[in-house]
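Next come two complexes, and both contain chain A; in the first it sits with chain B, in the second with chain C.
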Partner chain A sequence: MKTAVYFCNCGTNISDKINPEKVEDAVKKKNGDVIFKTFGFLCSEEGKEFLRKDIIDNAVDAVVIPACSPRDHEKTFMNVLSAAGVNPYMMQMVNIREQIAWVTEDGEKAAAKAVRYINAAISRVNLQEPLEKKEIDISPDAVIVGAGPAGLKAALSLAEAGRKVTVVEKSPTIGGLPVRYEEIFPNMECGPCMLEPIMGEALHGDASGNIEFLTLSEIEDAVGSYGNFTVKIKRSPRYVDTEKCIGCAECIAPCPVSFKNPFNCGINDRKAIDFSFAGALPNVPYVNAGVCLRFNGRGGTGGGSCRLCIDACPVGEEVFNFGEKEEILERNAGSIILATGSALYDCSKVPSLGYGKIPDVYNGIEFERILASNGPTEGNIRTSAGEEPQSFAIVHCVGSLDKNHKDYCSGICCEYAFKFNHIIRNKIPSAKIYHLYKEMVIPGKESGSLYRHAAEDKNTVFIRVSDINGMTITEENGRKVFSVKDACGSVGGIETGGIRSGVGGAGERNETGGEIESGEKISVDAVILCPAVVPGEDMDRLAGILETAKDKNGFFEELHGRTDAGRSKIKGVYLAGSCHSPMDIKEAMNEGMAAAGYVLSGLVAGKKLSIDPISAAVEQERCSGCKVCIGVCPYKAISFDEEKEASFVNELLCQGCGTCAAACPSSAIKANGFTDGEIFAEIGIMLS
Partner chain B sequence: MKNSASIMENMPDSGSNIEEAKKTEVFEPRIIGFLCNWCSYAGADKAGAAQKHYSPNVSVIKVMCSGRIDPQFILDAFRKGADGVMILACHPGDCHYKEGNYRAVQRHRLLLRLLKQFGIEEERCRFDYVSAGEGDRFVSVINETVEAVKKLGPLKNY
Partner chain C sequence: MTGKPKIGMYWAASCGGCEIALVNINEKIIDLDANFDFMFCPCLLDTKKRDIKELPDESIFITFFNGGIRTEENEEMAHLLRKKSKILIAFGSCAYEGCIPGLANLSSRDELFKTVYLDNPSIDNPLGILPVPESDVPEGSLEIPRFYDTLRTLSQVVDVDYFIPGCPPEPKQIWNVIELVISGAALPPKKSIIGAGASSVCEECDRKKSEKKIERFYRNYEIIPEKEKCLLEQGLICMGIATRDGCGALCPKVNMPCTGCYGPPEGVLDQGAKMVAALGSIIDIDGIKGLEDANIIEKIDRTIESIPDPSGLFYKYSLADSILKRRTLP
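Moving on to the complex of A and B:
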């Protein structure tokens, strides 16, 4: 093997401190026939050309470049090696600028250190093997899980770029949670109106041919890896043909059975065949086989003969398929986007607040449905006694900022709490509204307006409570009663001095002239709890299938919380929307777009995926089958081949950290680019 | 053989210099520093860019991740005459490979027990965290370790 050292003076940056001639003498003395050349600026165009020609002229096999940090120019010189027809991995840079010349006071010592480093690099490079980048075919298509704002935006963006996407949605409708909200903060837009153009575009627009919506569907299994996933999807029957049904709703009224509508949080009933809510898309009802008489026929046979819906259908019997069975579909995709959304913290876990026990104590989503004109009360706010409530307590921070519940702030609750304030005020102008909060968080340039409306409102009172989850709400004569003895500060309208914090602030006079004494009891007709945003219920199952990590709060964990929040820890599985962190609709939409960006930039149709050869490989004959490596791999890149009784590395998933190589008790794992032999050689020469 | 501070210390024919150095009795410890590519190696570069001088006694061996550092490397370094070994990793939570630094710290803890049995003092095998931005910290960690090993004196051959 012919090895050459190309010493870069870096102008005088290096040669001022380290005398190249002395180094050359010492290196040649130690390494006999090594070629040693010095150049002024090796990274300059002239330098690169000199390097390329010299490598060719001298038929050099391996190159050592004492110069700047490899973090500066390793890629530059690797490209030169390639241009000279030498494998780019047959090179070692020696960082004699940042780590020797610039940091060593004494020139002699610096030169001695440089010699040591160069000798070590020569011994190492002679052991190095040419490494080749591998290339594999990929599928540019994507599977998106969840058809809420993030999933829809990702689907539409990818479809418009010509990618095929399959959107897997477990519910019968698309649009996620916000499509069920009458109005949306911060600008009080109508939720369905805002989302329907996007949904319409995805269902019927120019790019809709590239989008396949699978509603009532769930991910059942996923195998493969980045570039080539095979996803198994279980689709439950709808019993109504989405292509043939015209969505006229004639079938609904004749249906004789009902059940609690989960889309309205069980507040009202729906028929066995029905829409989830008015305006739900796709505009096709679905049949709940759990209650439909055809599946629960009188006489207990399960084969009922009810055909009231069929007879009412103007299109005809072909719309219905009561024989439809659960299906397992398979889709190939290079990428998977998780956009499964989130849920609200179960308020009954803060039992003192009365949720689930006292009537007219709602959580945020229930109240959204009550406010919605397509909701269970058609937008009318009524107590359980059927009366219009005249006073409300809106409790922020439920189960939040509390290490006994969730220790974080979800960042959206205050905003929708002030939205509720605005809507209540419009519907019931004289209502008294109390905001009970621990901390107030209203970020963003547009959020000031709703807050201000509440703060300037004469009948809205802000009470800061030190321990929201320690408050007790009881029922007395049909009213919901709580004490503000827990308050650490209370104040009314903003003109009295704004929101005040600090202990002992009770007794502050508010705008209405009332005074809230510490310990005073306040009674209201309805209570709205704004709980922490938590991971959706299906996440554990999905995380298990895809092997994506979850953070301590149960959300999908990001590859990096700031620089790579759109990536999961599994390569090719991206995160969008509140499945990985609480967020509002704007953020979720942006994240959908970002996830589409990852797919578009990462996998391009017709272009192969190249795999970095700095990866680990198992020497299967040496492997004892202990599986220690599988446990330490942060990327789930190692699997066990039961037949060969040995581990193997998926090079595509391997990131080349080498942790497995260090962990292997049989030294059966080779960390390419950083093999045991190469490192032992370096150690030996550094100490010789 | 490990007492020379001159450029000639690595040369096989530098006996006269070694003799000279021995006379002055200046102990220059030889220390191997394993640095991860993403944080501590970058931290060393940061110190370089700021041109902060530090002791030249530590010879750096770069690995992609501190999780790559096989305890055998450390034992090999001591066997081949190192007076000290350093393992520098990303701070907890900062590992480029998510958790390699946790593996490294676990292995280091275990290794210290073994080294103790060999009579190798804990101070000769330092584990620490240096981020890509911590040029100053890199300098102080290096200088501290060199001082600590100087105090202990050369590691006796065993």
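Moving on to the complex of A and C:
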């Protein structure tokens, strides 16, 4: 093997400190017939051309380049090797700039150190093997789980780029949580109206032919890997044909049975055949087989003959298919986008706040539905006694910033709390509103307005409480009573806005409310709890199927929280929206777009996927089947072949981290490019 | 004198179990005798060192050398037998990788002497007499072989042709080697490990293995393990994953974790390090996710503390032949 060392002076960056001639002498003394050349800037066009030509002229087999960090120019020089007809993996860079020249004071010591590094690299490169990139065919299509803002945005963007998309939504409607909200912070837009153009475009627009919506559907299984997933989807029957139904709603009134409407958090009833809410898309009602008389004939015998909805339908009997069965559908896709959204922390886990026990104590989503004109009260706020409440406590930070519950701030609750403040004020101008909070978080250039409305409102009082989850709310004579004994400041009705807090003791006297004394009892007619945003309920099951990691709070875990927050640890499975972190609609929409970007840049139709050969490989005849490696792989790239009783690495998923090779107790896993032999040779010279 | 090829067995720093293992080939010993002139074995025969010295070089066809190189005498015999043998085989764990005597490399000679001759509760040595190479007595000068600071493996002292692992080697495997030689078939490449497999004990172990995640470790007396399930998965530190196969997984078969006596699998340089790396990879990964740093450290410390003697556990047989080789001498 002919080995050559190409020493880069990096202008004077390296040669000022490390004398190339001295290094050359020492390296040649140790390595006999090694070629040693020096160049000013090896990464320049002339430098690259010199390198290419010299490799060819001297028929060099392996190259050592003492220069900068491989993060700077490893790819550059690998390309030169390829151009010279040498396998690009037959190269070893030695970082003598950052690791030696820039950090070693003494020139003699720097040169001696460089010699040692270079000798180590030579010993390693002589053991390196040519590695080849592999290429595989891929599917450019995507499966998106969740039809909320993030999922819809991703679906529409991909469809517009010509990709086929299947959107799997477990509920009967699309739009996610925001379609339940009458108005949305920060600008009080109507939720369903704001999403309508996007949903309309996805359902009926130019690119809608590329989008398949599967509502009442869930992921059942997924096999394969990046570029070629096969996803099994379980679709539950709707019993109403989405193509034939015209959405006229004639069938609803005649239906004789009702149940608690889950869409309205069970606050009101809906019929067995009904829409989730007025304006739900797709505009087709669905049948709850759990209560419909056709499935629960009188006396609970099943097979009932009720046909009141069928008779009321102006289109005809063909709209209904009560014989419809659960279906398993299969879709092939190169990528999967998880956009499954989030839920609210169960407020009953903070029992002292009375949620679920005391009437008129709501969580954020329940109150959203109460405020909504298509909600259970058609937008009228009424207490359980049927009266208009005259005072409210809006409790921020419920179950948040508390290591006994959730230790994070969800970042959206203060904003919707001030939105509630605004809507209540419009509906009940004289209402007294207390905001109880631990920390106030209202980021964003548009968030000031709603906050200011509350802060400048004479009938709104801010009370900072150090231990929100330690507060007790009780019921006395129909009113909700709490004491703010651990209040550390309060302010109300001030002119200038801003909150004085954290100073201990009492706050400032205001015109209407007076000073809130620590320990004072306050009673209100209704309480709205703003709990931590938590992962959606189906997430564990989905994480199990896709083998995506979850973080300590149960959200999907990102590949990297900042630089790759849109990717899960499984290659080809992307994350968008609040399934991986609490966020608002704007962020979710952006994330949907970002996930589409990952899909578009990662997999291009007609282009093959190239696999980096720096990956691990199992020598199956040496593998004893102990299965230590399987759980070790952060990318789920290792599976077990029961027939051969040996592990194997999916090269496509392997990222070449080497964890399995280190863990394999019988050294049956080889890390290409980082074999034990190569590493020991390098260390051996370094320590000799 | 016979025309049969000569075969011998020598006993350096070891326990004698290797000789027992050879005898445990049972009636095959007759076949051995039929094919070889079993001429040297201080444990069983009366041949003396001077008899060996007088032999022409390479006149012993095979020498099974068991035991590590602990003393000057061990070393002298290693050189002598190398010279007189055509094929020198490091027989058993001590000769191959140091084994239990090699664990003494965690101490210096002085520390060993202090423990054995002075501090040992069963010793009565009021004058504090320690072994010295030469001592004068009324009858003249007495010499005993020098005792080294470091126990070395046979191949660290002389050139070795083959290695038979095991503490002791399984009689069946010993016979396989002898039978191969008798058959006249081509011998494996020099320096090979013979009388063993190339994979790990798990290959021969019938216990059911699954993805490993260990919550905590148990010592053998703390639990009675389930019969079917991988012992390691039950928290017993079974060295089988990092140990060469060939023994037939005898210990796990009787509910005892492998202690690693067949040494590292093919291609593994350091059995103890490999075992530690593997365990580090499979301990309770989920449990520490999201914990505060201090709690993680505490948890790790607790796990490490549950292993009272890590070097004795992970390097029970292989310390002298590992990357570590010994503790730095004071």
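Brief remarks on what is shown
As a convention for this text, the second predicted complex is superposed on the first by the 653 of 688 C-alpha atoms of A that agree within 3 Å, B and C clash if a C-alpha of one lies under 4 Å from a C-alpha of the other, contacts with A are read in each partner's own complex, and residues count from 1 in each chain.
By definition in this document, contacts are C-beta pairs under 8 Å (C-beta built on N, C-alpha and C of every residue); 3 or more make two chains touch, one makes a residue touch a chain.
The shown structure was predicted, so the numbers you read here are calculated from the model rather than taken from an experiment.
In the overlay built on the shared chain, the residue A:Asp551 is in contact with chain C alone; chain B does not reach it. By the touch criterion defined above, A:Lys627 reaches chain C but does not reach chain B. The partner that reaches more residues of chain A, of the two candidates chain B and chain C, is B.
By the touch criterion defined above, A:Gly658 lies against chain B but remains apart from chain C after alignment on the C-alpha atoms of chain A. In the overlay built on the shared chain, the residue A:Asp676 is in contact with chain B and with chain C. By the touch criterion defined above, A:Ala668 lies against chain C but remains apart from chain B after alignment on the C-alpha atoms of chain A. Legend: residue contacts after superposition of the two complexes on their common chain; A:Arg307 is shown touching neither chain B nor chain C. Contacts of A:Lys234 after superposition on the shared chain: neither chain B nor chain C is touched. Looking at the shared chain after the overlay, A:Lys349 reaches neither chain B nor chain C.
Shared interface residues of chain A, touching chain B in one complex and chain C in the other, are 632, 659, 662-663, 676, 680.
Touching chain B in their complex are the following residues of chain A: 22, 26, 29-30, 69-71, 95, 97-100, 102-106, 108-113, 115-117, 119-120, 559, 569, 614, 632, 634-635, 655-659, 661-663, 671, 673-674, 676, 679-680, 682-684, 686-688. Residues of chain A that touch chain C in their complex: 551-553, 621-628, 630-632, 659, 662-668, 676, 680.
Touching chain A in their complex are the following residues of chain C: 198-203, 209-213, 230, 232, 240-242, 245, 265-269, 274-275, 277-278, 280-282, 285, 289-290. For chain B in complex with chain A, the touching residues are 5-12, 30, 32, 41-42, 44-45, 47-49, 51-54, 56, 59-65, 67-73, 76-77, 80-82, 96-100, 103, 107, 139.
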